[in-house]
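Shown next, in structure tokens, is the structure this report addresses.
Order of writing sets the chain letters: A, B, C and D. Residues in each chain are counted from 1.
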Amino acid sequence: MLTMGIDIGSRSSKCVVLEDGKLLTYGTIETGPNILKTSQAVVDAAVQRRTGLWGEYRMPLPDVKVDHLTIGDMACIVSTGYGRAVVPFAHRSITEISCHCRGAQWFVPGVSSILDVGGQDTKGIRVGANGEVADFAMNDKCAGGTGRFMEIVADVLHVPLSEIGPLSLQSTKTLPFSTTCAAFGRGAAVAMRKEGERKEDILSGLHEAIAKRVLALVKKVGLADKFVITGGIGRNVGLVSKIEERVDGLKVTLPQEPMIVGALGAALFALDTAQKQARAN
Amino acid sequence: MSNDKMLSIDEILAGLKKATEGVKKQPGLMKSIVGYLDVVSTYVERIATAKEEGKWVASHGTQQPLEILEAMDVRGVFNEFWGVVSDIVRLESVPEAMSVSASTGTPGEVCSFFRNMDGLMHAGKWPRSDFFLYATSCCDNVKAFHTLGRRYGIPSFGLERSYFPYTDHAMEHWKNEYKRLIVFLEEQTGKKLDYDRLKEVVARSYRLTELHLEIDKLVSHVPCPLSPECFSGTLVAIRLLPGTQKGIDFLTGLRDELKERIDKGVSAVKDERFRVMWTSFTPFFDPTLMGFMQQKYGAVSVCDMLSHWRGDAKWMLDPDDPLGNLAYRTVLAPGNCQYSSGVDVAANLSDKARRFKVDGAIFNNNFGCKTGAAYGPIIKDELMCEVSVPTLTLNCDVLDHTFVSRAEIESQMDSFFEMLETSKAYKERRNLQ
Amino acid sequence: MAVVGIDLGSQNTKAVILEGDEILGGASLETGESAETEARMAVQEALRQTGLKREDLKAAVATGPLSVPVTKAVNIAALKQRSAASCIATGAYFRFPQARTVLYVGADSSMAIRLSGDGQVEDSVKNERCAVSSGALLDIVSRMLEIPVAEMGAMSLQATAPQTLSSRCVVFAEGEILSFIHKNPPVPVPDVLAGVNQCIADGLWGMVQRMGVPSELLICGGVARNVGIVKAIEAHLGKPALVPKQPQYVRALGAAVFARQMEREGRASC
Amino acid sequence: MNTPLKALDEMIRLTSPFPESVSVKDWKATGRKVIGWFNPYIPEEIIHAAGMLPFEVTGNNEPVEMQGAEAHMHSNCCSKIRTCWQMQLDGKYKFLDGLVSCSMCDQDMRLFEVWAYYKKLPYMDSLYAPRKRDEVAIKLYLADLEDFRSRLSQYLICRIPDEHIANSIQVYNRGRELMHQLYELRKRDRPPVAGAEALEVSKAAARLPRERFNELLEQLLDEIQRSGREIKKAKRLMIIGSDLHNANQMAALETLDAVVVVDEMDIGIRRAWGQVDTQLPPMEALARYYVMGRPVDKHTWNSDGRLEFIGDMAEQYKVDGILSEIVRFCTYDGWDKFDLKKQMEQRGIPILEIDLEYGHPAGAQVKIRAEAFMEMLESRAS
């Protein structure tokens, strides 16, 4: 039985196809201005096994032909993410919170705390005994701790997002950085550059500041082993290491493919629904 | 481990000791800086050693009758000062404490003095306190004392002051609140207040006031004899050790040094180009800023709102009524000027600007301070139309140095002081052309 | 006697060469790695336009949102640093002496300035946190909607039902815009852009009002090229505002005027 | 879906357009005065007894765009007072003859000062309300109330006699009684009114002449009785935190499969709880009621009672979850957050914290949180 999960995020879109709950294929692309086109495109990416964003595949995929698959073949499709409401061919839409919680358990059984740093929203989730969402918190009315904030700074430093992590690890000193305002953060980064500060050190300061903010969010709902980081940010080694410094010896577990956790969760929910229907008739 | 960045009381003590050694070697500083740091260290030491000396510790906010505490062997931990001294010793401590605070769900938009306290308590790094004391009016954050008291099982007592303290019934009530405070303290400590001892303390406290006023006069001298390192000297003595001989000795020394400097023609900076008044708090978040301003712009900090005495500060009305005196004192005393209407604060500051011959004002708009955020513009407009003193508004956080970058501050000060120099009022004040 | 003004903006570095009252040349290039290099290149480019040589420049003044020394960049003996506010004021006054309030809108920061009759700064205010009142949002939106910043103003004027942005935070404003274009059917782009411009204009108007109700308002800085924002501010103002042909050069021009003054006062020689 | 409530429609008609509404115009047309107030510790009874219309200065169902308010108060002020000040700048409140505030909430007091400084009204007054709840506090507050009455009398050039105040107390008590009845009805498994509707009612209480409001509320209760109106939703929610006057925002939340059955707002439940003691001298009775007669609120230093009250209401109204909506920069709500969450968790009541700007609609930011919360409640149930 084939099920599909589509995660239309504010920055990137992901699509996962499961066969009876086993990963068949997935794809990721950047979210374009037109959401309808994007949702089509990300399905193509999945069946073509393209991951536009973070380069090479991380997940081993079964060696079978999938490029013939169409949405028509799916028993059920669940959408999530910012644009979840407008995916034309989705049967159901579920919020990122539930999907990340579900997906994280597929990757990391026994997970108890989840941090997801999205473009617009940063989420801290505590997983209950039966794998349900026990509690969650999202960034307050300030965007300081979001992925977008990081992008804005990376942008003025002319460093591709995928490289800010490795680069920041070469820092020798961590410069103070404020996350209270995106526009100001941008200005501050330019200022430091102009004063001859090294990008490494600016980024290290940025990661330090953001780590503080996003961790506060997880601690609010309860930080415990196993602690999982999902979303593209999981690929930012700079931020992850800053976070690891601050979790009091706790180990951070990264899913093999942090990008697709939400989409995968959605696909699992799709499987539930499909099976219910199957049982019904 | 990030927790290590947060300062414990011992680390603060050590830091202050180091600083004292440092300033002794450093040339060009005022002699009084040693006494200054001694007052601060003594204050912290008294807290550290309270228990073994059989004294009590009360963490408290503003508008407290510290003389009563002094007379009852209760040593105060002024929560705002704790943030300030942390910044002096190690700038990383406060931001760390505040991120801990955030992790408990406290929003990042309430006062940093309290978020710092919140974080340190959560991390177990706040000085061990037997009880909390707090007071209104205005600042709504004092509610944090009760909240934290509840959370950590520390008894607390709040003093209620009318918004308009000068009516008879308001004064009567305020004095009565002190009586209730004494009852609370007697219950907590199991000791009775010795009124004769209180009278002595109050008398010494009044001596401090007199010295403070003398010093104000000296500081208003042009060029200003007071250097940044000792800028908050009076405040430190009055707000930390009122009614103590230590405080008196320090202020006496400071006064004499200022006299001497004026006689010898020594001033804070050779070429005094601007006299600056801080219309909210001074830049605690960046202890080096005042010195920097002197060097770059010849802008000398001559006065601030926190160390402002209302009226003529003659609060010793009846030596035999210490409580009555204190009730009156706390509404006049430094650090309490801001707990009032913006128009009233502005009037006080306009008068101060005249007395200290101020050229420009800087208003630190502390992100977490609702009071300041709402009356900053009134103060700015009043200063302009009353004494034609322009104001630079700096958006900052009172304690968190990461909130606004030095580059940002510099670029704003560049503009401000260039503007001042070309302003008509400035030229007239300095009778240029 | 030719002089040069250099403006180290957070996004573009500009140089303006002035002789007497005549602007001989002006160049602008994107800010990248080193302030020094860009300053040098901008000056070179400006020189190229004028056919002058480095030696012909008798004085230079550098300015910008950040005071960064660029002495090495343009090896002119007489180089001074002047603050952003003074240079904006002077540049505005140079061409528009009637202006009493100047609104400068840059990439990351913006500033409202009140001028005295003789072009001196009387008061000034910078944009605050958590308030969309600079170009920052424009770049983000332009990238998001894949529309060049230059076209956003004109396009926004075709709006039929402008959207209101409730958030003043740049990132959340972006989020709201996303939810507009992710609506089914999506909100027409001009309506989104009109909302963006309105949001920025409102933020800016708050700053202008701090300087008192302006008699004559001049809008400058790169963002002033966005006619949508200018129109929105004029709506608040209730009358047309003054807008220079090349608003992005006003600050550099002001610096040049200071340089001219230096040169005249003969400080250049010593 | 549900039969419209005529009385509610009438309330909305009379209080529209906001703020200078039909009823305000009618009132002014007869040459009577309107006194604005913005703090729950200002006894409307005294203004009412003076023959004036007490009108709560607030925002309403639409966000107000800041267009200059920040010229007089920085943007790190609470967005409620910035909204009110912006409305003043926009000329929305020019019908006010006077304004009364209270230092209980510093932001309310600052709004008053800015108003007094930049736009003085014929009558401007403020009083101090205690942060403690005891006899001493009552005495202090009573003294301030007496001063308030005297100053208002001077403005009127006629002493406000005790009998008038006693009479006004009767009227307002009746209003409280009726509002309380409405809250009782919402305890039903299928409440007769949605949260958004109930909010419109309690807003009207502070915008209409109280006699008229009482009539309409009696009608409303009667309509509910006869129509057997009921709302079928899967989940019951409680809203707590800052005063939010945006009923559209609450309505948007109720488009989810949930209904708001109770709240903990000064503009909600605190208007409906308790009665002013008619046996005591009127002024003292007022002082007692306003200091101690209502459920403990966030302004009180010792908010233990508040947290307990929230928990009890949540249980009495059998709510599935609590939405804590906090207007950004609110100091008081900020300091209760931690213990509130802890205590509700002990009671097993999930709580969702939402930070927002006053008056803003339930945008994507709020929606996603609310939907995720609903999913969470769902998964807990199963």
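Just a few scattered comments:
Just so it is clear, a contact is a pair of C-beta atoms (placed from the backbone, for glycine too) under 8 Å apart; a residue touches a chain by one contact, two chains touch by 3 or more.
Quantities reported herein were computed from a predicted structural model and do not represent experimental measurements.
Steps from chain C to chain D, minimised over paths through touching chains, total 1. The set of chains in contact with chain B as well as chain C comprises A, D.
Among the other chains, D has the CA centre that is most remote from the centre of chain C.
For the criterion of most C-beta pairs in contact, the winning chain pair is B-D. Remark: chain A and chain B have CA centroids separated by 46 Å (rounded to whole angstrom). Computed from the mean C-alpha positions, the centre of chain A lies at a distance of 37 Å from the centre of chain C.
Taking each chain's centre as the average of its CA atoms, chain A and chain D sit 41 Å apart. Shared interface positions of chain C, i.e. residues touching 2 or more other chains, are given as 65-66, 128-130, 172, 175, 178-179, 210. Multi-chain contact residues of chain A (touching two or more other chains) are listed as 82, 120, 140-142, 180, 184, 187, 191, 194-195.
Listed for chain D are residues 71, 74-76, 328, 353, 355, 357, 364-365, each touching two or more other chains. Of all residues in chain D, those touching chain C in their complex are 63, 65-71, 74-76, 357, 360-361, 363-365.
Interface of chain A with chain D (complex): residues 82, 94-98, 120-121, 128, 132-138, 140-141. Taken in their complex, chain D has these residues touching chain A: 328, 350, 353, 355-357, 364-365, 368-369, 371-372, 375-376, 379-380.
If you check the complex, the residues on chain A that touch chain C are 8, 10, 32-36, 82-83, 85-86, 88, 120, 141-143, 146, 148-149, 152, 156, 158, 180-184, 186-187, 190-191, 193-196. Contact residues on chain C toward chain D in their complex (touch as defined above): 128-131, 164, 166-168, 172, 175-176, 178-179, 202-203, 205-207, 209-210, 236.
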